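Think of it as A, B, C and D in the order they're written, each chain with its own count starting at 1.
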Amino acid sequence: MRHTAVLLISCPDQRGLVAAIAEFLLQHEANILHADQHQDAELKLFLMRVEWEMAGFKLDLADFAQAFEPIASRFGMTWRLADSSRKPRMAVFVSKFDHCLADLLYRYQSGELHCELPIILSNHEDTRWLADAYHIPFQHLAVLKDGKEEAEKTQLAILRDLKVDFLVLARYMQVLSADFIRHYPNHIINIHHSFLPAFHGAKPYHRAFERGVKLIGATGHYVTETLDDGPIIEQDVARISHRDSLEDLINKGADLEKVVLSRAVKWHLDNRVLVYANKTVVFD
Amino acid sequence: MRHTAVLLISCPDQRGLVAAIAEFLLQHEANILHADQHQDAELKLFLMRVEWEMAGFKLDLADFAQAFEPIASRFGMTWRLADSSRKPRMAVFVSKFDHCLADLLYRYQSGELHCELPIILSNHEDTRWLADAYHIPFQHLAVLKDGKEEAEKTQLAILRDLKVDFLVLARYMQVLSADFIRHYPNHIINIHHSFLPAFHGAKPYHRAFERGVKLIGATGHYVTETLDDGPIIEQDVARISHRDSLEDLINKGADLEKVVLSRAVKWHLDNRVLVYANKTVVFD
Amino acid sequence: MRHTAVLLISCPDQRGLVAAIAEFLLQHEANILHADQHQDAELKLFLMRVEWEMAGFKLDLADFAQAFEPIASRFGMTWRLADSSRKPRMAVFVSKFDHCLADLLYRYQSGELHCELPIILSNHEDTRWLADAYHIPFQHLAVLKDGKEEAEKTQLAILRDLKVDFLVLARYMQVLSADFIRHYPNHIINIHHSFLPAFHGAKPYHRAFERGVKLIGATGHYVTETLDDGPIIEQDVARISHRDSLEDLINKGADLEKVVLSRAVKWHLDNRVLVYANKTVVFD
Amino acid sequence: MRHTAVLLISCPDQRGLVAAIAEFLLQHEANILHADQHQDAELKLFLMRVEWEMAGFKLDLADFAQAFEPIASRFGMTWRLADSSRKPRMAVFVSKFDHCLADLLYRYQSGELHCELPIILSNHEDTRWLADAYHIPFQHLAVLKDGKEEAEKTQLAILRDLKVDFLVLARYMQVLSADFIRHYPNHIINIHHSFLPAFHGAKPYHRAFERGVKLIGATGHYVTETLDDGPIIEQDVARISHRDSLEDLINKGADLEKVVLSRAVKWHLDNRVLVYANKTVVFD
């Protein structure tokens, strides 16, 4: 795997932006591998992702912020830099359903997900065997009725201790409190088992079955304080018919959930996702 | 085109049903072309579609009801018979958007839609040119504020005069009254420009754009008294991205609407659709 | 899981078939759960799948053949009966790529694949860890240059000893000999990593990349003596773009291969697949 | 519709490219609406599409070539400039099937296809009514056995007289000669009724039906001297099953052909397509 850097920028759209960025990178002899930009015409917003090879780059990343500051402040940029040699640390939250976890573990082990995985946290014991099979630390932490506040305090402590960067809710069946979420803004990825905004909330497959829809869906999104309302990263659907029972919906849906969640996690890890106006840009 | 008959049956599921129907058809020397059945395990319902060639069939269709009556009443069947030599009479309601109308007209003219088309009714003049190009009668009937009751009375009179069997709302922008709908139960097909139940009601593309969904959809359904809540016949989706403006959504959506509506109309015409429990079975 | 029986029939299409079968099942008080039939108009062939509950069925399955024989011979039927209480025994062949194997193992473990899995056979050691994680016997058997005949002899002996019913080639990179295949006609399922018949043979992703296709595919099929030419059970595709490198194609393709192969295996296990004229009917 | 300019560039990948282009556009006060670039890592090629508003642009497009020349020659660029106020002139070739023509005509009339349409050329009279309905000139030109050379000479003369820029073969059933094609390199768009490279050549639906594929496809591509081998612009597929007869394949395929061809034509008109190495980049 090549050593690269990714720069993500968002700012008000204005003349001279691209020239200034390109000039800056040229000056430090960046060998650009990918560059992609997006202009939101309505909001007059400019968003950019640029990735370059570290080999030959003449600027130490430790000095990047200082060197880039004049451009950033001139154009009013919000920006972040990612260094591919530093793997983000991911925690997975899971309950009893194990299909998403199994999929993430396989992809982690195969190297497809470029991250560390220091912990799997669950309110049940059911998936411990999977964590064991892949040699990932697993911690069971029951969430009792009226015990959520306590549980979340413990969870946050664990995440802090393990220097976790972001969370994946792999069919985790507890609703996180607004307070918890505020610790990881746009850094908690959830898979919802419907094509949002249809069937937000509980038991989406049951309601899809009752409504008689002809396609079922799954949605990977960042978690915000409003349930199932955060910025959507990825969605996909599968065709069903009257021949499909509720159980068939749940089974076909599980396959959707796996691929949608894994794409969302992968794109997050590849620094392809930028959030604005409760939406995402996914640079491809 | 072959001359065929289609029998559609629904009744409580019970032993001996298939044997009785098969025996009946055999006795009259039906040459069965297609037979398809569905059992709803939860509701304990049996639904069937069987199509046979009229050539060689030894029972006059005029006598079918009498001959079939003993079986129908023994099993408590709801049934209907369709004779392919009798083309249903379709009316199309349209407003200003013409993409669905253009698509239906082309398919009608090419013989893909096996029906008569005695009238296009519109509350605007915009699509008259299309009706003229395909030589279909077009009637403009303005629906004034507070004039819906009056307008619907006129519409119903026209439909009655022309012996119209069913209606297609090809992006007709007026909400029909419950009273109007009661004249054509499960015989009004609407295209809604979203993946229902997401974004029911007005301006679905605007709301999809705002929500930042990654797929847009279209839904063909029978119209019931509750807006956008009738039995779904067909749905489909198309992928969009942050690069798509609201206008792009509307344009990509138009292509979806066309194919979804035309499939719904075609299946209705082919007597493939059975409604139960506010859902459809679409025999394929 | 309910105890059921599945009857699969193919024979020349003729009057009275359905009535005779329905009458037979009624007589033995079968509670039919699903029945599906297909008529190939061109080949004048009739194909049927019927599944009924064993609870309440008045005929011992051991006596089925004898009882059904008069009908079978009257209509010239080819038929087979499957008893859901008897799980088929599956062997998986694999080489170095482990994504399909991981997917099959997870589905096997979760109960989605209703079978026994007595052996994983591989010409490499690479996937042993996965077999171990799921506690499935793994046997390494190198296939040396000029040693295929010898290796196949050993493989066949193992399969015979373990009473294996059917084989799944989960990205097994050796071509099986015609002689080997003849032992398992329509009982070896392969996943080919292209949308057959495009890019049959070696290195399909490389060739798809060179040709500049806009979709890549995967094909699950029964293995016949002609390479990549057997009856297709399932296919699916994924969209790619100029942004996708050859490596991206291979990664996206892996996800396709998994779902296509698992569907093919599942349908085979559910006795949904009937082969005729080098095609399949997949009853749904 | 806004007045814009599009610049398409391809050249060897090298440092300073983006900076030079951005600097040039900034200097002439271009208000950039969209910019997209692609680097082919294997071929070390840089491809770019940039679109800006003409309002406020300080360089007359008549002087663009001269002003841009120093940059173009410094980096060894192949480039072209498109002015949105100049609509390309399209000719449609058609035989008897009219579905693609009907679709193109509707999209042309609705303003979706931003072009002139001075002529429809056909070797049959069948589609004249459609041309008439949309008031487009139609010319019938029989192509006799052994008369292709003669016919092509006439066709070329007509195209020249009408200053046609590019051709669309909307299910035109004659193979164009290499000599003819050389007059319009990468300017003839064909729709092939299969998922190329599967089933290239004649009767693809028949062969797809025989092979028992589970998906059918359509391919929009530029015509080159090798039949069905030109750069692919767009492809799509639709699911079929054993229930679909050959006729069903042809009908479902027609819907695919329409959308795939219209996308290819639209992208060509929007100057989104760049050809290299017998592939396309489609900037989105």
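The definition used in the following text is that a contact is a pair of C-beta atoms (placed from the backbone, for glycine too) under 8 Å apart; a residue touches a chain by one contact, two chains touch by 3 or more.
Bear in mind the structure is a predicted one, so any value in this text is a computation, not a measurement.
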Rigid-body rotation angle, subunit C and subunit B, from Cα fit (steps of 5°): 180
Chain located farthest away, centre of subunit C as origin (C-alpha): D
Contact-richer chain pair (by C-beta pairs counted) among B-D and A-B: A-B
Proportion of interface numbers common to subunit A and subunit D (over half same, under half different): same
Euclidean distance of C-alpha centroids - subunit B vs subunit D, Å: 36
Rounded Å distance, subunit A centre to subunit B centre (Cα mean): 41
For subunit B, residues contacting two or more additional chains: 41, 241, 243, 284
Subunit D residues within the subunit B interface of the complex: 98-99, 102-103, 106, 110, 112, 133-134, 241, 243, 251, 255, 259, 284
Residues on subunit B engaged by subunit C in the complex (per definition of touch): 15-16, 18-19, 22-23, 25-26, 29-37, 39, 41, 239
Residues of subunit A that touch subunit B when the two form their complex: 38, 40-42, 195-199, 211-215, 217, 231-237, 241-243, 245-246, 277-282, 284
